[in-house]
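My questions all concern the structure below.
Chain IDs A, B, C, D and E follow the sequence of writing; residue 1 opens each chain.
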Amino acid sequence: MKIDKKIIVNALIALVVYAAVMGLVKGGVLSRQMMSLITPVCVYVMMSVSLSLVVGFLGELSLGHAAFMSIGAYTGCLFLIATKDILPVLVSLLLAVFIGGVAAALLGVVIGIPVLRLKGDYLAIVTLGFGEIIKSVFNSLKITGGAKGLSKIPLVATYKNFTFVFILMLLVILLVSHLVNSRHGRAVCAIRDNYIAAEAVGIPVSRYKILAFVIAAFMAGMAGVIYGANLGILKPANFDYNASIEILVMVVLGGMGSIKGSIIAAVILTLLPELLRGASDYRMLIYAIALISMMLFNNSAFKRNLTEKRNLKQAEKLSKEEV
Amino acid sequence: DEKTFLLGGSGPLTGAAASYGTSVKQGAEIAIQEINDAGGAQVGEDTYKFELAFEDDEATEDKAVQAYNTLMDKGINGFLGCTTSGSCIAVAQLSQQDGILQITPSGSAEGCIEPDNAFRICFSDPEQGVAMADYAVDTLGYKKIAVLYNVADEYSTGIYDAFTAEVEAKGAEIVDAESFNTGDVDFNSQLTSIKGTDAEAIYVPAYYQDITYITKQASELGMELPFLGSDGWDGVLKTVTDPATVEGCIFTSPFCASVDDEKVVNFVKAYQDAYGETPDQFAADAYDGVYAFKAAMEEAGSIESADMIDAMTKISVSGLTGDPITFDASGAAVKDVKFVTVKDGQYTYVE
Amino acid sequence: MGVLLEVKNLGISFGGLRAVDGLNMTINEGALVGLIGPNGAGKTTAFNMLTGVYRPTDGTILLDGKSLVGKKPAEICQEGVARTFQNIRLFTQMSVLDNVKVALHNSIRYNLATSFLHLPSYFSKEKEMDEEALKILKIFELDTYADTNASNLPYGKQRKLEIARALATNPKLLLLDEPAAGMNPNETKELMETIELIRKEFKVTILLIEHDMKLVSGICEYLYVLNFGTELAHGTPAEVLNDPKVVKAYLGE
Amino acid sequence: MSLINAILEQLLNGLRTGSIYALIALGYTMVYGIAKMINFAHGDIIMVGAYTLYVCVSLLHLHPILAVIITILVCALLGVVIEKIAYKPLRQAPPLAVLITAIGVSYLLQNLALLIFKATPIPFASIIKVPSIKIGGVHVSGLTIVTLIVTTISMILLTLFINKTKAGRAMRAVSEDKGAAELMGVNVNQTISITFAVGSALAAVAGVLFIAQYETLLPTLGALPGIKAFVAAVLGGIGSIPGAMLGGLILGIIESLAKAYISTQLSDAIVFSVLVIVLLVKPSGLLGKMKIEKV
Amino acid sequence: MAMLQVTDLKVNYGVIQAIKGVSFEVNEGEVIALIGANGAGKTTILHTVTGLIAPKSGKIEFEGKDITKMPAHKIVTLGMAHVPEGRRVFADLSVYENLLMGAFTRKDKDEIAKTLEMVYKRFPRLRERKNQVSGTLSGGEQQMLAMGRALMSHPKILLMDEPSMGLSPLFVNEIFDIIKEVSASGTTVLLVEQNAKKALSIADRAYVLETGKIVLDAAADVLMNDPSIKKAYLGE
């Protein structure tokens, strides 16, 4: 009934988006700039949706999400390179994505340990630290090409493989939104809202904290593989804390705990700097101002009242009942 | 008939690496101004004036790809880029599919010119590393050398790898290999460690920003070891507060802003008039890159990339960074490696 | 009727402060027992030890003969002890219904794959949860608020929601920390009826802290009185509330 | 050189960077402690301070002392203005929203500096000229000593100010409950402005010392020390003023020793590993108070 | 002119109107009780009077001065103190520091010391715990602290939001004795209470609030005997 309608609407939206992008690409209407943005947009949607699980739903600040992405990207892309001539493209990509996800999830478990003991900004620093450690390690590893980067990655996840990338992105969105609407997701949200109360009603807090980190890591790892297979080259420097912060910005701008918001913010923030290219020298300045303005608007009384008016019906119903 | 050749370019204009991209852009602008003032390029019947479309790529690969595609949307006829190696490699894959002539002014990693359509003006990293190793061991006679390089930077590590291999092949010794990270400003620990060894010289393959800190801190530590460097050193004199700190250093460089060559003098003057600062090697590379385009189209008699690419190996450019510069089949520039030193606070070529 | 909870010689110190010292309590299955005492006597602290929030420095806690000392709060909850908090702790960004559904976490289960994929059992189990949660909310007349954000409830209703949530964990022993605080006499009266009701309906043993003597004498069968961390008296309300020591330390004239 | 001397020199190298981190961390921690927000733009205020000093000394040819005073005033004012425009409207918003806005402000300042001063690094000779001294065979840079002294004095003054004065008490009250503080008669907006003014003034001082130490102006010069100082503040226990100083010094020393005796390639990894381990043992940092939550 | 005069006050939370046009007055020296069920809007009114919430419309005057738009910290200096709902003590400050915060607007050190002594005498527990971090006090202890803190400002009028919540019966009596004392020493009191019986027993007059509107006002002893009030608020 209510749920069914939602599913249908969402499926329709997904279908329309897919058809529109496909149509535009095939019809040759889209500029090359826009076409080259298709995969990055999908990658950042995956990144921000997965991070929203940790930041928006678990309520822990993570400044190291790009590290998970890099682990996934490197392992998956190494696999892609190794199997380039052996396996069919799709099989190789599918396996690479899975392997990347698993590798990142394993790191997620490692990070899970401090997560159990630390909170808030202390945890944030530790995630940032892990990110920098991973980056340092990649910089000094030979197999990944060190600072020179891992190049010659087959370009198998560009807009030409949009269908694959899109399905993967949908999958990530679907899994995360399913999860947060389940008993496991509720447990995660309960920890965010009040962990003492969550413990008191029998939620194994530690287990769920790790779970959230691991799932988010897995998805970031998958996104990393797509990122690599779209660019053809991976460099450790691209996964530093600035990259993590960019993703965090998307999650927060989208509104914490809102998957839809995370998606929209990821799309906007990936496209915005590109759309601002016309402003040449003022590009990043305008970007910064836009970011600040969006944050201020999102939290303005005006916006609050807008949302509240939407909830007014419910409130009116309630106050009638109260009388 | 007057037509326009739209030259694309990309490099970091914002972020920590912004100065490199800015130099490339400005160097190219000077060359274009000069060519256009002189009547443009003569291609068969037509005269072509140059126009530059330059995009910010923040020195990251994904932005570079987008910058390149934006330029392709604008319909560029040739691509002068990217400024940094990683971006260059990422874009080269695409430019190869497009079959467009790509000349990178400063992308020094080996992978930058792998596709047939890609050429470069600057030295390759291994080339430089080997050249300096040969010079240090054979000419200067050093037997024990310490190295300080940027572990997070492809340029620095690329040269470092080649340098180390060559030094060891020649029977000399790398007594200490210290490293740092992009953005570091304090090198005292590494320098102190090197100070504690019996090294006869320090080789620092890095850009002048880092060098500024390193040489100053070395002099504060009372180190008197001679410094050897890579072409990234060029420009160091404009950022040090005390030229004495770099006095006597020797670095590989194809370009030297203060030599007496007429071309160089004119370029430096034009650049200073336009931007109020002394050009560095990035600017010079870009300048030569633009002239390579001019030479290629004139040689080919066409601005079709396929024709220009064929012509590349036939041209000879009399540039700032080499005279002549020619290109081999691999896409690399063939030019002499020169060694520059700082003497009395001025750059001069080592005889 | 058997003994459900047995507390022996329970004590805890915070730095130099001996907040609870040598507390003994025996609570039978199905009983409704009050824990009273002056402010700062250590009542809430005793609850915190019973639920694993604090680890006692000494003493034993046995629930159905099993020791609870050293167990984590979540484990103790699964053993069958639920509580409310003196300073309300709701899941503020969740709906009233979801607050209760969180508490059903351990009683109505499905696995992670079901969560991810929304397999058929997801829908049936969620439905079961909704029904169960609404059933409990109805007792507290909160079912009409099911979709409201918990933090937007007025104070009194928030207290009720806390009790509803605690009940949803299906406890053997329910600990209520000042359930009537912030309620007016009428609301308190209603609350007393509700407590009696849930006690019958859910066959749950209740231990409550309260300063409202009407409530305490109205529904408690047995009382323990704490003062400065130690036991001052225990007995039936009639005995205890007339005990001069209790009157002097706690009730006043 | 004897091993002892070598270690001593490396310790001094650590102190040199550490004292700068410490000074920056003081401002970080102070703003965090009161306004309860991580001011990611703090590092960029250092950058603004450095450029302001440059403009005053090299372009306007002002007397160095006057230049330093102007620098401090400019930064303090900038801090207050940023707070008013970008953070104050977000008082009711979730804390992370303010964090993101701070990141936006950081981008903004960097890109403004880039537009005004261009990307090429500007050399700027130190205005602080103190000779280095020699203690038992090792040189100690005069600037390091100055930085250490300034940091220590700042720390002591700040600690006294926050713990012992009425204004400081008001700040702590505001940090816990703005409404209740207002009910005590505290002007909350003004108190927060003062917090940002003091924090940014500290950043200005850090900027002056930083640029005296490293002598090169870059639009991004504040970013890395900013992050390092943030790490230092957390290491010492964020919100704790002596902790910030301790954290900064320790961070500098670990960095230096890791580079000298373990591996320069992996020095960042080592530094952060130490940090992670310290936090695992002491989850609220070295001097941070474990926040007791009364249940 | 009344000491505190509130005229046609309307307050919104976003789009929801919580106070729908309330007028009342408090004269100097009076003890006024404000009673009403959960969610009636009592706390909202007190917050608006002390300036923590801005009203949508209406007027608030204190000693003839219009304070409707005055920020809270200024209102405090006029001699108004507020013991907020939920105590809101500064958890990380010690008991002593909390009390000093109460005297924030006062300058005279000797006078402050005298008041402090007076507060300690009324609440000996606070003296015992003066160096304890307030966050770890028991609920009742925190209530004492909140009250002591408000008294530290030596207010002309004291607004109290459910001061008896969470207090032991003995202490409830004591709190009401203290309120009486405070009132006797010349401080005007506006009291919000769930314990309506107690409140009415010490009040001069009272207002009854229902979902944002005042439905009744009368002398306390009249209300005490009003059958509908008895039934609705006194639990009889």
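The working rule: a residue touches a chain if its C-beta (ideal position, glycine included) is under 8 Å from a C-beta of that chain, and two chains touch if they have at least 3 such contacts.
For clarity, every value in this text was computed on a predicted model and none was experimentally measured.
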| item | value |
| --- | --- |
| Touching chain C and also chain D, the following chains | A, E |
| From chain D, the most remote chain by mean C-alpha position | C |
| Interface with more contacting C-beta pairs, comparing A-E to A-C | A-C |
| CA centroid of chain B to CA centroid of chain D, Å | 36 |
| Separation of mean Cα positions, chain C and chain B [Å, integer] | 73 |
| Cα-centroid distance, chain C relative to chain E, in whole angstrom | 30 |
| Residues of chain C whose C-beta touches two or more other chains | 44, 53, 85, 87 |
| Sequence positions of chain E contacting 2 or more other chains | 39, 136-137 |
| Numbers and ranges of chain A residues touching at least 2 other chains | 135, 139-140, 196, 281, 284 |
| Touching pairs among all chains present in the structure | A-B, A-C, A-D, A-E, B-D, C-D, C-E, D-E |
| Residues of chain A that touch chain B when the two form their complex | 31-33, 35-37, 40, 135, 139-140, 146-149, 151-152, 155, 227, 230-233, 235-238, 273-274, 277, 280-281, 283-284 |
| Contact footprint of chain A on chain E as seen in their complex | 14-16, 39, 211 |
| Complex contacts: residues of chain C adjacent to chain E | 14, 36-41, 44, 86-87, 154-157, 178, 181-189, 211, 213-214, 249-253 |
| Contact footprint of chain B on chain D as seen in their complex | 1, 6, 9-10, 13-14, 16-17, 111, 114, 118-126, 132, 139, 141, 214-216, 218-221, 223-225, 255-257, 259-260, 264-265, 267-268 |
| Residue ranges of chain C in contact with chain D within the complex | 44, 48, 53-54, 85, 87 |
